[in-house]
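Labels A, B, C, D, E and F are assigned to the chains in the order they are written; within every chain, residues are numbered from 1.
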Amino acid sequence: MGELTHFKDGRPRMVDVTQKPATHRTATAEARVKLTPEAAQALEAGGVGKGDPLAVAQLAGIFGAKKTAELIPLCHPLPLTGVEVRLEFRPEVPEVYITATVRTKAETGVEMEALTACAVAALNVYDMLKASSKALEITDLRLLHKAGGKSGEWRREG
Amino acid sequence: MGELTHFKDGRPRMVDVTQKPATHRTATAEARVKLTPEAAQALEAGGVGKGDPLAVAQLAGIFGAKKTAELIPLCHPLPLTGVEVRLEFRPEVPEVYITATVRTKAETGVEMEALTACAVAALNVYDMLKASSKALEITDLRLLHKAGGKSGEWRREG
Amino acid sequence: MGELTHFKDGRPRMVDVTQKPATHRTATAEARVKLTPEAAQALEAGGVGKGDPLAVAQLAGIFGAKKTAELIPLCHPLPLTGVEVRLEFRPEVPEVYITATVRTKAETGVEMEALTACAVAALNVYDMLKASSKALEITDLRLLHKAGGKSGEWRREG
Amino acid sequence: MGELTHFKDGRPRMVDVTQKPATHRTATAEARVKLTPEAAQALEAGGVGKGDPLAVAQLAGIFGAKKTAELIPLCHPLPLTGVEVRLEFRPEVPEVYITATVRTKAETGVEMEALTACAVAALNVYDMLKASSKALEITDLRLLHKAGGKSGEWRREG
Amino acid sequence: MGELTHFKDGRPRMVDVTQKPATHRTATAEARVKLTPEAAQALEAGGVGKGDPLAVAQLAGIFGAKKTAELIPLCHPLPLTGVEVRLEFRPEVPEVYITATVRTKAETGVEMEALTACAVAALNVYDMLKASSKALEITDLRLLHKAGGKSGEWRREG
Amino acid sequence: MGELTHFKDGRPRMVDVTQKPATHRTATAEARVKLTPEAAQALEAGGVGKGDPLAVAQLAGIFGAKKTAELIPLCHPLPLTGVEVRLEFRPEVPEVYITATVRTKAETGVEMEALTACAVAALNVYDMLKASSKALEITDLRLLHKAGGKSGEWRREG
């Protein structure tokens, strides 16, 4: 516990996983974009019968998963075998709720890819709504579940 | 109010800013990475006298600002003229508090660049601490201040 | 006429445009994806009331315009100020007709950016329909119009 | 037939191929750049004894194959094991005829990589000849052959 | 001996390695940044008790290894399984001595990745010290050792 | 003298150049790839009448200049207005001698772009010759000349 595996003798490194077997891995993350009433109204107006703003964010989130190793220096580049990103507009909160599930067969897990997909999707929601309100807020960006690898399954409590 | 400028006839587009003058722009954003006790302890242990894990996240955040137009499809590619990212470990909370300030001379603002810098820095903090605890949480990712451009200055209240 | 400006003494180069003034530039290109009956049917079935496959291609086309300088070695990296991509499903042909208009204020034109946006959008149409038919064909990828710069306006005839 | 595998419940996704075996895959695509007499003349003049403009396009095409997953949001990132791109100047047509063959060992095929290599090579031919003539046209960008994977071999007819 | 494997019939290609088995590979490279007295003094002043300039270069070197296939057209994109970069300030020379070790399980080796990591780290050292002196020099960028693959082990002599 | 401008309070940053005027800038760098007799022979054999291996490296060097801000975290992204890279095979040494000249109109200089172009070209020479000999060496990578900006002209002595 408490060890920083990305560091060796005080220097960051991409951890050597050469000897680990490539196994099936999956990770799911979530995020919320808290909307102001103005932003919720803009989203509602923009999302009916016309181009769906959340579709842009959803696609960008998938793209974002593939960009993970370019954003996180110590992340291994992984051959992703599946990415799903979902955005749900909850006008009663109001918020956009985002989840992303990423899969691979690799020596290391895809937690960062799932988190990055959510982050990028959330940033795109912000981008599309910022003309109506700048006071949006991205929150609760966190891991929900992971499976595969030596450390096994993990599920967020509560 | 409430108009989605990124859409025209229901289709997303990169808004035409050709006719706007290039002016000085700045934006500052913030984010928090909520730590578990295990992660706080790992960060404390790792950050003394040796390589500083937050230095990795800080540099990645600067890099991230430059990646904004690759992550956000409808964002204009901008020639950034300055990027500062700061990370502060607050063991008493415990959290890592992040701010990013981005500058440019351009036809459009750098809010998304400041937010992206914070998001990428926060994801890197998560990456470096996930071996000690997976229950970290990125929160309060939001704009603090922007200046420049026709819409002028904006500052987060409260 | 007939000179290859990208070459000097037989070696390719990125042409020096330092002394040219930055002026408003625009370019429009087009492309067609010729569909088989199976692909047309799949597009029709997929595009009603649900996620619109052409929306993916349209967004990818915008993204593609920003990637131009990464795909074309001798292209100058340009700060694009506007990108619009349109896709129209013409079931009676059947084809998907694509146009892209790109704008900038720069020392050189954006013909390649408009063509690249069309090419990337067309490749994405292919990608989404290839499960229904592999015999699709991208054709008529060409410039329709350009304006700005020393060579002035140009419009495709016929 | 007619199903859009990239969509699930109306939302685009990167299809989950985790359970599929990694097998040898190959795909070959083609494209033509239709030349005007001026462009053909420029190519002929530029390609004799000096730097060969088609060499630039050929190399860019190889580079382009590696960029596929960055251009096509729903494409899996694949570890390509071989890329060949050929360009042939046919002065009697006049046209530049392009073929690309891509290989991998993966869970999914490389049709999009072969098509992207051809598209990028063709765009580079256009880029190098556009000073002599803007009326060039990229056409017949299509798959010629694929092998490997559950759907087996496919060859373009006629 | 003396054959250029990247060429076939006089055209560059990404060599087909589809039939080769994926085996463990490792490569180590080195480089030196020769410092002027002014640069050595700046490095010494900047590197004590504050942010360490070499930490920036070290992290950039790791990032650089992952960029190899984007910089070297004929390089295969490889799923790196480990990257270590070390920088050592030798004030008595004065120089910064850099080594990089890269690992993968793949059909082809990682010599270029190790060399690229060193080159990028060295360029970053230059970047950070160029305000104090422009007369720095990157030298001795070369392979030290490789192992794995059909050609087996190789170690630099002398 | 001796100040590390990329650092402020011990933290790296992208220096704020917002207030500086955009002026014409140019920089020229050089590098050498020291060849073994085997490599020189392979280059000579490969470079006559067929595809020229140095043409690959030359084009990659131009591409590399555009990648500079992706390799050097604290570098400003600049709209390059001209890039020339030259490679000269000197069989009598034997070596490949490389120079790169980069131009821009910007708030900051292009020294790093010229050096990066040389480094990438040199790495590509290595890549193409490594089948004939692994003992090649990249050396003398350094700035020759820069002009423009407040610090004015600088030329390497000796």
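The rule is short, and it goes like this: a contact is a pair of C-beta atoms (placed from the backbone, for glycine too) under 8 Å apart; a residue touches a chain by one contact, two chains touch by 3 or more.
Protein names from UniProt, one per chain: A, B, C, D, E, F = Cyclic pyranopterin monophosphate synthase.
Just so you know, these numbers come straight off a predicted model, no measurement behind them.
Could you tell me which chains make contact with chain A and chain F both?
Output, common partners of chain A and chain F: B, C, D, E.
Quick check on the contact graph: shortest path length from chain C to chain F, in steps?
1
If you average the Cα atoms per chain, which one ends up farthest from chain D?
B
With contacts counted as defined, which of the two, B-F or C-D, has more C-beta pairs across the interface?
Most C-beta pairs in contact, of the two: C-D.
Determine how many degrees of rotation, between 0 and 180 and to the nearest 5, align the Cα atoms of chain B with the equivalent atoms in chain C.
Rounded to 5 degrees, the superposing rotation is 120 degrees.
Average the CA atoms of each chain to get its centre, and name the chain whose centre is farthest from that of chain C.
Chain E.
Any idea how many Å lie between the Cα centroids of chain A and chain D?
31
Taking the mean of the C-alpha atoms as each chain's centre, how many Å separate chain B from chain E?
It comes to 30 Å between the two C-alpha centres.
Go ahead and note the Å separation of the Cα centroids belonging to chain A and chain B.
15
Quick check on chain D: which residues sit in contact with 2+ other chains?
In chain D, the residues touching two or more other chains are 11-12, 51, 55-56, 59-60, 63, 70, 73-74, 79.
Think of each chain as a node with edges to the chains it touches; is that a line, ring, star, complete or other?
Other.
Which pairs of chains touch one another in this structure?
Applying the touch rule to all chain pairs gives A-B, A-C, A-D, A-E, B-C, B-E, B-F, C-D, C-F, D-E, D-F, E-F.
Within their complex, state which residues of chain C touch chain F.
8, 11-18, 69-70, 73-74, 76-79, 106-107
Residue numbers of chain F touching chain D in their complex, please.
Per the touch definition, chain F meets chain D at residues 51-52, 55-56, 59-60, 63.
For the complex, which residues does chain C have touching chain B?
Touch list, chain C to chain B: 24, 26, 55, 58-59, 62-63, 65-66, 79-86, 103-105.
Under the touch definition given earlier, write down the residues of chain E that touch chain F in their complex.
By the definition above, chain E touches chain F via 1-7, 9-12, 31, 38, 41-43, 45-46, 49-51, 53, 56, 59-60, 63-64, 67, 70-75, 111-112, 115-116, 119-120, 122-124, 126-132, 134-143, 146, 154, 156-157.
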